[in-house]
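You will see two complexes here that share subunit A, one where it goes with subunit B and one where it goes with subunit C.
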Partner chain A sequence: MGFDARRASSETVVIHVGEALDFRNADAFKSTFQEHVENGIRQFVLDFSDTEVLDSTGLGAIFSLYREISSDDGKVAFADVSEPVQVVVHLTRTYKVFRQFPSVEAAQEAFSG
Partner chain B sequence: MAEHTVLIVEDESTVRELLKYRLGKHYDVYAAENGEEALDRIEETIPDLIISDIMMPKMDGFALQSALQTDKNTRVIPFIFLTARADEEARQQGQRKGVDDYITKPFDMEALLSRVERLLERIDMFQTQLNAEIGQDFSNRLLPDQVPTVEDYKFRFHSEARQQGGGDLFDWTETDNDTYFLTIGDVMGKGLRAKFYAFSFLSYVRSTLHTLLKESTSPAALMARLNDMLLNDEVLEDTFATFLLMHWSPNTHTVTYANAGHCRPVLMTPDGPEVPEHSDLILGLEEDVAFSDVTLDLDPGAALVAYTDGLMEQRTQDGDMLGEDGVRDLVAEAYGSDDSIRALLDSALIRSASDQFEDDLLVTWLQRENRNG
Partner chain C sequence: MKTFTETYTDLDRAIDEVRTLADEWKASRQSGVPDDEMIHCACLVLHEWIANLHRHARFHDEPPTVEVRLTYEDPHLSCSVSDNSEGFELDAHLPAEDDDLESLPEGGMGLRIIKSCTDDFSYAPAEDGLYRFDFSIPSDHDPWLNTLF
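== the complex of A and B ==
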């Protein structure tokens, strides 16, 4: 199952994470972002509005994305973070690395500013 | 289970297309027109099973099968020959090694499909058994055989491994000053891969600890070293781990620890449970992260309970995860029981939707005895 990713600007891609990002579809998520990383994209907004499940493999896939682009000053923002995602982000202290925004629009605005 | 890949080698296009069509409903199918082309295709993708004609131009089925026998990567691929009546003699001449079946043309499609299915089932079964054995072996190596015995203290741990679980690890080391380093971690990911990384990682942690303990007993300093290692080691690249390093000093009744994104331990005292706030970033994500040490006093009767996320993520009957609050309550309930870990796990299961734990699970329970009580 693929992920819905759209080019929001010349520099930013928004990925709709969907209901679950876990060990079942983490590889599909990786190939989704990989394509955009290869095209030079360094700013990603992850839309968590519908996300019920984020397990450690799923979170690991997001970390892989961050590791690939962080050396180029790349950024990954979390938008519209649902409760289950909030729990994981809090536990692993990753809010220190991924900025969170109330909406996709707010994240895009912060990127373009 | 991932979809199986079947290679069809057949020069007659009608037979080839028919096989592609019928097998394509169940498997990922690709095809070649002769042995030579098949070898090229196999170099790109190794199939789970090969169905090959015998009489073909350029390179026939026998030559293809012999070529595959010479390479250990292709020797084990199940091989079915489709033979015309005319080939019968050739077939009789040499009973070939490594051929799993001969099916005579014109063949019954249903019979062929059922042969293919059975052969692939057999491979899956071997694979599953092998994975289970290796996974169990890794799981065992990620845990110590015994725990330190220290006067005035009770120290226990419990671990349950699931084949599809992750890379939980636990280890301890005694220092020269009668103190102990306890290492609890969880390498992200599932299955064999996570266990393998956890195993490699733990080996590194053990050797680093031995070297580093000569200079410092700061868990935070060691944590920074481990983080550098995960970021710079090529094999472990893309590996992330939550880690809890505790330096336990029974003489001063303290535990000094650093926490890299791991489940926060519960400190239980006769006054009630408490979850110390302190925690830093998970390992392997960012360079030059600061880790800090926090020291807890273990008063008489105090227990420090650490665990991995398998416990916290266990689903309760409401469908929610047990969560940090849930674990804290369970620790408080189990406190005072003779076998406190067992009591904790039993009451976790009573609240669970399932009658067993869904993921790998690790709990350590360190308790100072209450001499006054």
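== the complex of A and C ==
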């Protein structure tokens, strides 16, 4: 199943992660962001508002996105992070890498500021 | 001591259902429920472990079968996952303590999550010919202190 991704501006794409990002749909997530990376997008907001499951493979896919764009000063932000995702973010200390925002709009505002 | 046991022959279903296993476990008991944080840690570990089996284990050309057993005896939540796979050397899959985590590795994070959430874990052949993954979480466990970087 694909991921809902929408162009929020000429530079930013918002990906709605949905209920789960795990080893079963990590490849679909990669295909989703890859298309936008190839089109020059370097700013991504990941909307975790409805996400119940984020596993290590899902996290690895997000790392993959970050590695692809970070050399071009790209950014990945986490928005509206649900409690189950927050636990994984803390356990893996990935909050050191990905900024978190209370909402998608706040993340977009930070990107445009 | 309270025990909850469930057997699965479909690993996809097992992964989906371990998320609700704790709720079922709580619903089936009258008292002595471990706290939510322990249960959440157990569910995370179960997801990571069964996903690991799903992706990497070989099952002798047989249908995979896993039995999940949760036991709570205050102050420990213990869990075992028995499987009919060919097994593998757990140490070979463990990330080294000095791995470069700043490089954001795409693999190995699952075992880091397991290490962070548990007090102790092992994977070894059992007497019944199956392989068994065991872990325990004490009630005073602080997963944040176990994070590796």
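Keep this in mind: the second predicted complex is superposed on the first by the 113 of 113 C-alpha atoms of A that agree within 3 Å, B and C clash if a C-alpha of one lies under 4 Å from a C-alpha of the other, contacts with A are read in each partner's own complex, and residues count from 1 in each chain.
The definition used in the following text is that contacts are C-beta pairs under 8 Å (C-beta built on N, C-alpha and C of every residue); 3 or more make two chains touch, one makes a residue touch a chain.
Note that the structure is a prediction, hence the values are computed from the model and not measured.
After superposition on subunit A, the partners subunit B and subunit C are seen to clash.
Contact with neither subunit B nor subunit C is seen for A:Ala110 once the two complexes are overlaid on the shared chain.
Using the contact criterion defined above for the overlaid structures, shared-chain residue A:Glu52 touches subunit C, although it does not reach subunit B.
By the touch criterion stated above, A:Tyr66 is placed in contact with subunit B and with subunit C alike.
Working note: subunit B versus subunit C after chain A overlay, options 58-66, 166-174 or 292-300, clashing stretch identified as 166-174. Annotation: subunit A residues 23, 55-57, 59-60, 63-64, 66-67, 84, 87, 91-93, 97 touch subunit B in one complex and subunit C in the other.
Residues 22-24, 52-53, 55-57, 59-61, 63-64, 66-67, 84, 87-88, 90-93, 97 of subunit A touch subunit C in their complex. For subunit B in complex with subunit A, the residues that touch the partner chain are 166, 186, 188-191, 238, 240, 242, 261, 263, 279-282, 284-286, 309, 313, 321, 323-324. Those residues of subunit A whose C-beta lies close enough to touch subunit B in the complex are 23, 55-57, 59-60, 63-64, 66-67, 70, 84, 87, 91-94, 96-97.
Interface of subunit C with subunit A (complex): residues 12, 15, 19, 40, 44, 47-48, 51, 54-55, 104-110, 112-113, 116-117, 143-144, 147, 149.
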